[in-house]
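Order of writing sets the labels: A, B, C, D, E and F. Residues in every chain begin at 1.
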Amino acid sequence: MNAQAHRLARTPSGIVGFDEITGGGLPTGRCSLVCGAAGAGKTLFGLTFLAEGALRFGEPGVFISFEETEAELAANVASLGYDLEQLRAANQLAVDYVRVERAEIAETGDYDLDGLFLRIGHAIRTAGARRVVLDTPESLFSSFSNAAILRAELRRLFGWLKAQGVTSVITAESGGGELTRHGLEEYVSDCVILLDQRVLDQVATRRLRVVKYRGASHGGDEYPFLIDETGVSVLALASPQ
Amino acid sequence: MNAQAHRLARTPSGIVGFDEITGGGLPTGRCSLVCGAAGAGKTLFGLTFLAEGALRFGEPGVFISFEETEAELAANVASLGYDLEQLRAANQLAVDYVRVERAEIAETGDYDLDGLFLRIGHAIRTAGARRVVLDTPESLFSSFSNAAILRAELRRLFGWLKAQGVTSVITAESGGGELTRHGLEEYVSDCVILLDQRVLDQVATRRLRVVKYRGASHGGDEYPFLIDETGVSVLALASPQ
Amino acid sequence: MNAQAHRLARTPSGIVGFDEITGGGLPTGRCSLVCGAAGAGKTLFGLTFLAEGALRFGEPGVFISFEETEAELAANVASLGYDLEQLRAANQLAVDYVRVERAEIAETGDYDLDGLFLRIGHAIRTAGARRVVLDTPESLFSSFSNAAILRAELRRLFGWLKAQGVTSVITAESGGGELTRHGLEEYVSDCVILLDQRVLDQVATRRLRVVKYRGASHGGDEYPFLIDETGVSVLALASPQ
Amino acid sequence: MNAQAHRLARTPSGIVGFDEITGGGLPTGRCSLVCGAAGAGKTLFGLTFLAEGALRFGEPGVFISFEETEAELAANVASLGYDLEQLRAANQLAVDYVRVERAEIAETGDYDLDGLFLRIGHAIRTAGARRVVLDTPESLFSSFSNAAILRAELRRLFGWLKAQGVTSVITAESGGGELTRHGLEEYVSDCVILLDQRVLDQVATRRLRVVKYRGASHGGDEYPFLIDETGVSVLALASPQ
Amino acid sequence: MNAQAHRLARTPSGIVGFDEITGGGLPTGRCSLVCGAAGAGKTLFGLTFLAEGALRFGEPGVFISFEETEAELAANVASLGYDLEQLRAANQLAVDYVRVERAEIAETGDYDLDGLFLRIGHAIRTAGARRVVLDTPESLFSSFSNAAILRAELRRLFGWLKAQGVTSVITAESGGGELTRHGLEEYVSDCVILLDQRVLDQVATRRLRVVKYRGASHGGDEYPFLIDETGVSVLALASPQ
Amino acid sequence: MNAQAHRLARTPSGIVGFDEITGGGLPTGRCSLVCGAAGAGKTLFGLTFLAEGALRFGEPGVFISFEETEAELAANVASLGYDLEQLRAANQLAVDYVRVERAEIAETGDYDLDGLFLRIGHAIRTAGARRVVLDTPESLFSSFSNAAILRAELRRLFGWLKAQGVTSVITAESGGGELTRHGLEEYVSDCVILLDQRVLDQVATRRLRVVKYRGASHGGDEYPFLIDETGVSVLALASPQ
């Protein structure tokens, strides 16, 4: 066996520039964390990953949404040129909107991951999915007060996703200069991408940074990140390190 | 179906400059969050949205006030040239002052949203309202200690408002550099607008920024925000991105 | 009815410069919050408002003091040229020192507002007062741990004061860059004034800023604020916006 | 009665420069708070106030020490040229070291002020004291978790001291940019003095600032504060405002 | 006995540059702490220490992983040119993946160290290991709320490792400018190394700093830290102090 | 009695430069606090104080270690040229390693000081010690949640040490810009020394500052602090104030 044989497999995101700075895309069969504040572009990153996977790489995907309904998501990516309904009709994308109700939280103190696994597992099998996006499972985890338990559950979720053999993206809410709300997810993830929108002298700019990528060389600088009618893209000015 | 058909509908706010930087106004049938510190102009933004909706776009509105009585609101917008009483008489605006009493909080630990839904629903049907403003429902949420429950309830409120088919504005109190008090509302909202009043070298200036607008291209910079006898307006110096 | 008819009534504070930057003084019949750190001039602002009201505008006043006794207050404003005893003798000013005892807090968990209302109400009727100052009711509120209840109680106090038909000033303790200790009072108030004493290069200067004034145009900049033997005054360098 | 008659009486501290910037010293019959970090000079300020009071103004004093024993205090001021033992022998100074024991705290949850009053009262009567210093009663208050109760107790202590007809100095521990540990004492005090030791480019300098002085005009700037073998002094560069 | 005889033994890390700035490597038979944020290079530092130990210095090692499985680790270091499987086959490296389950935490309130000791002890004896790496035992400690107990347990873990006669590396998660999450580990450790990845003007750079090295002279500056296909290395620009 | 007679006795630390800036060393018979982050040099400061005391001033010492074993300490100071074993053999130094076990904490809620007093007392008597170092008794105090009790216990420890007639050094962990973890120890101590290691532009430098020295004039600036094979020293550039 030589090291080359071990070269970490990449799954192309289809996001212009991103696959360039990461030497090919997201780590295949692993969990990547996309962090950012409200409006940073996390949901669009995730949807683009799935839409491009379906359209260009023939990999069906599952989008587990905790915030937006399927109709809302469809409307929100339409401006980027994607037609979610068509993708779903072609069996290339499944969208599942998981609404975490107060009662579920109140009864058990915290959410039951196993029910979620059943639901995602079913969606994956139905779609024959190779890619999965969980758009802000924060809702599941915000009631944990014990950091050790939260960590164990995060690891269980990530482990389960890897066991399904899918390449997944999980979004996380950052704020106040920290990567994530709990400061734990980034340690458990294999790949961490930070989306950032900053205002300097009244002018706003978007940036993307690959904070961490286990097992791979990648550009670690901040790259301009663009969202416009042609979709989501990264200005990969520098070549990978 | 083509993407154009999916273009997100906009509801004009009637606020000079704002509709320009957002490509037409607030997202129709969705919930927009207007954040700002005390005196930032949140209430005037909301009232202008309703008054202009009634006067210029023929859309009746409902204003749910948690802080100011109807008489106070009338006095407060008079200086901007609006006559709330006349609007109400013409059945173009309904104002409902919801006073959250200590007893209600003390008994149940937190406020019952369902009662509020009945009340808003009735006001909407009576007025045939297309626009709804909730001026700082913070009062409802400040007693929640569990972030997961607060999130679930916020989502329930937002979901219910969308289900009524109205375009709504919800105000939120920001401070200390954060968008909102709990740091949750901005993630659940479809559109987030930040009003800011800053003092530099003893001189105060007001700014407006569209932090987030799901599904749409918009100007993301900080724009001068003005409140004077001609009303509320935005100086849209730059064209939308 | 025209908007002019609705122009918010102002009650002159009698503080040189302040009435100029606010277009006439404090909002009549409403509650204004005067915030500041220890020694900022909150008490002197409040006492000047009452003394000038009595001496120049024929409006008797009530001063509810939670920190200083009547004798202390008399001594403290003497250096500004006011004679509290004379004002009281002439029935133009009533001073009531409310001492919040530990026992009252310990027994009930928090202070009973109704007893306070009886006491202020009696003072208002006796003096035929048109102006009321509550000098740092913080003592009443510092034991509330539940933000929702604190808010409801603040709103009850403010509502009750408005119902008495008096123009009132409430002082609040600020610190650490925030307007108030709990960050709530400024949202409930109709008018918020910040007094600030800052040290730059070993030199101290005082500033006043009208942070918020519902329903009115006002200067929003920071103005030099002076306390000397001629009393309290504001250097209204700029004209109102 | 004219205002001049009301001019707040001052008690000279005997500290060179300090009496100049305060127009005569500390407020007679009231409580002054001297705040500062460890080593700022609070204890020396207090002891100088008492020693000078005894030696130059014929006013006996009582020093209630919560940190240092009488022997330690004597050794600590010897380098400034004061002889505490001689002062005590001449009945001009009484030092009482109050050791707050763990057991006292553990039993009652918080310290009993009444016992302290008995003790201080006895010391005052015995010495015929006109000046009292409490050197960091923080020990008494650090176990209070309820801000309202702490405030009520602080006010009780301050009120009791005033009722004794003595001029008192109370020291407080500041840190992290705040005046006091709880952020309450400065609001309850009649006069607040901040002692500060800062390091800039490896060089340390001491500063004194009168933050607040109810009822009096005073210099509010930061003045160089010196401790050397001639004692404690203030470089009153500027004249009082 | 002379001091030279006492010169602290060093265990070469095999990391280019690191052994130079530390005068020979990590302290033999002691515990070194490698701190850093997510993606800082902690795991690669640890694995390189073990791989080089096995390949160049003939010292077998044990890697206790709390985050990554053996297969993942193998894939992650392949890009640096190491072949974990071969090392394991040659009995030069044992990898043990310890998964801390929620149930274990929930039952006992905190993790039982003794079980871990048995497990590590067995791995050490089997491999005849001279080097041990614990990759983020944070999972074990994050449920401790009592700082004193956490400290006692940390000291027990460190003491036990020393008693095994192995040279160990423990990784720790830093963030927010602090070395470690609890701010305790660095005090208990014999040697503390900080890995840092900072972004300045959109460009990312990695740095290594030896914060502490009990008993030894070492370079204390920040040195460029590199991760590339040739492995992990330090640019030891300056000579040791 | 004259003041000169009272001049505070000093105990020379034997640390080059330190005795110069403090006018002779540490206060005899009192407790000095040496604060600093991990690796600041606290332990070496304490050990040098004892070793020099024994070797040059004929004063035996006791080192109570809460972190390092005697063998570790011996190894750690060997590089500075000290031979702890020889000192112990000559009965000039006693080292006692106090291991605070989890069980002791768990059972009683907090550590029992009396047992420690017995132990230290015995070591002092056996060695005829004049100097005592407690190297980070933080372990004892980190479980106290009540600040008042912690303070009382600290004062008890300090009082007991003084009652033994020894000159003592107590180390404390600082971090985050504060002198000590609890922000209490510096107020209770007679002398406070801050050791600091800062990194500026990638270059590390060590500084020492005497923050407080009750009863004595001393240099208060920051002085370069060096640790090398000749031992610990201070670059006393400026003369004492």
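We take it that a contact is a pair of C-beta atoms (placed from the backbone, for glycine too) under 8 Å apart; a residue touches a chain by one contact, two chains touch by 3 or more.
In this text the structure is predicted, and so the values were computed from the model without any measurement.
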Exercise. Could you tell me which chains make contact with subunit A and subunit F both?
Key: E
Quiz item: Whole-Å distance, subunit C centre to subunit F centre, using C-alpha means?
Solution: 52
Quiz item: For subunit B and subunit C, what's the span in angstrom between their mean Cα positions?
Solution: 30
Exercise. Note the residues in subunit D that touch 2 or more other chains, in rising order.
Key: none
Quiz item: What kind of graph do the touching chains make: line, ring, star, complete, other?
Solution: ring
Quiz item: Beginning with subunit C and continuing through subunit D, what order do the ring chains follow?
Solution: C, D, F, E, A, B
Quiz item: Where on subunit B is subunit A touching in the complex?
Solution: 1-3, 5-8, 30, 146-149, 151-153, 155-156, 159, 178-179, 183, 186-190, 192, 207, 209, 211-217, 220-223, 241
Self-check item: Residue ranges of subunit B touching subunit C (in the complex, touch as defined)
Solution: 37-39, 43, 67-68, 72, 74-83, 85-86, 99-102, 105-106, 110-111, 136, 138-139, 142-143, 173, 175-176, 197, 199, 202-204, 227-229
